[in-house]
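Each chain carries a letter (A, B, C and D) given by its place in the written order, and its residues are counted from 1.
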Amino acid sequence: MSNESTQHWVLTLSCPDRPGIVHAVTGVLAQHNGNITESQQFGDPLTNTFFMRVEVATTTDANRISVALAPVAEEFDMTWRLDAAGRPVRTIIMVSKAAHCLNDLLFRQRAGDIPIEVAAVVANHMDLKPLADFYEVPFIYLPVSKETKTEAERELVRLVNDLDVELVVLARYMQILSDELCSELSGRVINIHHSFLPSFKGAKPYHQAHARGVKLIGATSHYVTGDLDEGPIIEQDVERVDHGRSAEELVTLGQDVERRVLARAVRWHAEHRVLLNGQRTVVFK
Amino acid sequence: MSNESTQHWVLTLSCPDRPGIVHAVTGVLAQHNGNITESQQFGDPLTNTFFMRVEVATTTDANRISVALAPVAEEFDMTWRLDAAGRPVRTIIMVSKAAHCLNDLLFRQRAGDIPIEVAAVVANHMDLKPLADFYEVPFIYLPVSKETKTEAERELVRLVNDLDVELVVLARYMQILSDELCSELSGRVINIHHSFLPSFKGAKPYHQAHARGVKLIGATSHYVTGDLDEGPIIEQDVERVDHGRSAEELVTLGQDVERRVLARAVRWHAEHRVLLNGQRTVVFK
Amino acid sequence: MSNESTQHWVLTLSCPDRPGIVHAVTGVLAQHNGNITESQQFGDPLTNTFFMRVEVATTTDANRISVALAPVAEEFDMTWRLDAAGRPVRTIIMVSKAAHCLNDLLFRQRAGDIPIEVAAVVANHMDLKPLADFYEVPFIYLPVSKETKTEAERELVRLVNDLDVELVVLARYMQILSDELCSELSGRVINIHHSFLPSFKGAKPYHQAHARGVKLIGATSHYVTGDLDEGPIIEQDVERVDHGRSAEELVTLGQDVERRVLARAVRWHAEHRVLLNGQRTVVFK
Amino acid sequence: MSNESTQHWVLTLSCPDRPGIVHAVTGVLAQHNGNITESQQFGDPLTNTFFMRVEVATTTDANRISVALAPVAEEFDMTWRLDAAGRPVRTIIMVSKAAHCLNDLLFRQRAGDIPIEVAAVVANHMDLKPLADFYEVPFIYLPVSKETKTEAERELVRLVNDLDVELVVLARYMQILSDELCSELSGRVINIHHSFLPSFKGAKPYHQAHARGVKLIGATSHYVTGDLDEGPIIEQDVERVDHGRSAEELVTLGQDVERRVLARAVRWHAEHRVLLNGQRTVVFK
């Protein structure tokens, strides 16, 4: 059953690098009247891995293309995925008290800049409920204490499953996830760290930065792994500061960088532009 | 006659956009054991033109690949070019008195950062001869006055032809080329303009910028056309300034941006990363 | 009548430049137990004008300091102002349909990053009323047509007067103010223009930028004068783009720069960091 | 004995912060017909230290001003210095094999952008002698091995003393200075580290950065202390990179940042714009 109207698909794949991959993949697309509108690729000589992202416009439905791609994927030992371009990714945003990242993500989502669908805002404090209400997004209060942490994480996993959630964004969420949770949601949790990693890991990075007298402060968005602040980096940016800024002013200035960096990382992830390459990422902007 | 050792080639092409281009091109490369090491493409919906740049490693010689590509190029109505990756492009650098761009280009050329071969430095003043001498590059003094301008340009064309020159770089050369020369060398002359075009065209752009009270100054590298400061832009960058800077200080600060922007444009051009798209450029960085 | 607790004041001044100004001003402050916590100055050799901004902590009330400063100001022919540091400036924000700048200003105002008090959001469309409501700011609908423009501007002036408004921010307000209004509110109206001025004045600057093929897009915040897009520039910034971006994508990317640049300009103005120097500004960041 | 022509002086000072400092200092300057052309100050609330830099134009000679400043300096317990503005600072540049920083510093020095006088280039390899020769700067070959290190450092100190050297610049000099030498030349040795400190201290920072998958690389200029890569930071900057860059390409890209950052740090130091504030710096740009 084919759909006669043109649709846009995103194909992402990675596999061991060898000659002929692009020709084989584009052959399948050409046979199904696919017109490639965007294509990027990268062969990593260190890991001998090939990465590719293709956007294609076609009147053929995804099912047929998938069936035709399967033997090619098999032949080249590919990890691959075909998705509708622009399909909103089901997302949970986790927050504590700081509003700037949540405000930014919800604003951009509504403006159509980030293809996500916010299934819920999950918070360990009540402060940001009015903001979630304004954007008509379900707000779920999930307090966390030493005693309740395990249960709270189980509840989060239940939410992820029940709400068909594909992505969890830690938008200045001030709790550290357990190793078990990190493993379970591996590659699906994005965090914003308020420093230019690997500088100033851990707590109060702006105060560390101030004490060290750096001339630029930064923020880093990365996938969360069990190894705190060591997950694969998706995006980073910096802002210039000078000797006159107090640690508290760095905190305020840094919020601009944090929200910008997190918004980019979430958008690129939701557009299937970020592929994992061991401890690093390939980002097809 | 095949060359058994692996060689790297750069294929650049543009043609009317339609399905099947990538598949056809990569098919030819795959048949000749070509391993694609870098590939970028862009389809411009406004002009319905497709642009592509591929780097390929292969043991097949260029001749065979060219012969095999010819019918594909014919079929898709391509403008195309196959060149050895990293082959130094024969270049003339034209200067007047300002040293910063010439110094930068010669330093980077020697360091191996820019794949050019400097056939000559052509200058309408003697000031920079010692610098050319230090880098052991022929220095040709070609003074220009109102009366001698036509003859000087003819001499330049002779030099371009006699020295097999592919690229002319105006490295703060303070003469305006005639329309005839611009046409004759179209797409082969790169200029650095010391403003963020299209702001502050014409003379003394830093003084114009100072008078306007801008908070960033910039530089623009572009192909030269008969339409002064209106040629296709290759690269731009800016530097922050504040109210405390005099016009003269902007001149000095701007030199850093100028040389950086020009060096990038020349490197990208020499690596066949810049393709013309009407009055604009496609830059595959 | 003195206030025994420490208060912070901001003194800004400009006058013809000559020796002794700083000594005279700091003398008055020292006599009143003023501790200077921040001080910046600039002497413009082109206009022979001296500019100064001083923050001072003191237990003396503003009245006494003003009385003591008056003869010094007289002697040096100063334009000057003494204000409580951090006092919220009474502000009207004018908007049409685009939400990004308004959302950013209201968020930052609430977060305490910009010392303004939003007396009203004045809009020629109803679209942004919910946003104003969320931040509990009065929303005033003031539609403008060719016929009603004069009356609408009169109404705006009435609002400025009735609400004790010191600053009017055009946050992507899509109407051009009349020369009369510009004159009447001179130095009190800040606009955000969505290009890197003086490039791309007038309508649809991103489309102009796209057609020209620029490699950076920008935004400019400036005081509004009768001369459209020619008022004194307060702040500018840019974002890198490449050939792959459509004009529509530039519009979206540009919104980030616009809101950042406008927020900085409004904060600096509200903190009395911006002084007019003819057609240019002095910004004491 | 007074000099009737106008001269420009730079006064830098630091002292415990308390009211009246600026008034007292500017009083002395005013009494000597000093016209302040640039002035910056900073009171650090953490260390309760006040920092000031003043440029003053006057017909009074430095001696008289110094005599008049002495009691004020005594009263406020100042560390202070009065120097002729723009006086070239006697400098040794130390190098190994990498040319980019040396080339940049010598070019800028000759162009008049950095007020230094290069007393000698001291190198532990012969590679850069031609470059020093071109700029007509004495080249001193001072090889270093495990056995000769102590003697080589003694020779360096002799050179510093004999040549009246005020500043030693490590322009990618690949030897670690001993603690004794660091102490002896404390505050007079500037290094460029090829990472965004405190990230990637130690050897091969670009390779560390590549392995970590960072999205920006940087460089840091700092005063050298016995604590390797931990000295007070003067300047930092970054450059964007992506997944496609090899560690070797980062090395090349980074050279642009390194030379830019080092040049700024050396210029600011030579213009007496950098004051030490414990482990941090105050930079009056």
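In this text, a residue touches a chain if its C-beta (ideal position, glycine included) is under 8 Å from a C-beta of that chain, and two chains touch if they have at least 3 such contacts.
Owing to the predicted nature of the structure, the values given are computational and were not obtained by experimental measurement.
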Checklist entry - Which chain pair shares more contacting C-beta pairs: A-B, or A-C? => result A-B
Checklist entry - Is it true that over half of the residue numbers where chain A touches chain D are used by both copies, so same, or is it different? => result same
Item to check | Distance-maximising chain from chain C - centres being C-alpha averages | outcome: B
Item to check | Mean-CA-position distance for chain C and chain A (Å) | outcome: 36
Checklist entry - chain A to chain D: how many Å between their CA centres? => result 42
Item to check | Residues of chain C touching at least two other chains | outcome: 38, 244
Checklist entry - Line, ring, star, complete or other: which describes how these chains touch one another? => result complete
Next on the checklist: If we count contacts the way the header does, which residues on chain C are in touch with chain D in the complex?
Outcome noted: 17-20, 22-23, 26-27, 29-30, 33-41, 43
Checklist entry - Which chain D residues qualify as touching chain B in the complex? => result 38, 99-100, 103, 107, 111, 113, 130, 134, 244, 252, 256, 260
Checklist entry - Where on chain D does chain A make contact in their complex? => result 42, 44-45, 196-200, 211-216, 218, 232-238, 242-244, 246, 277, 279-283, 285
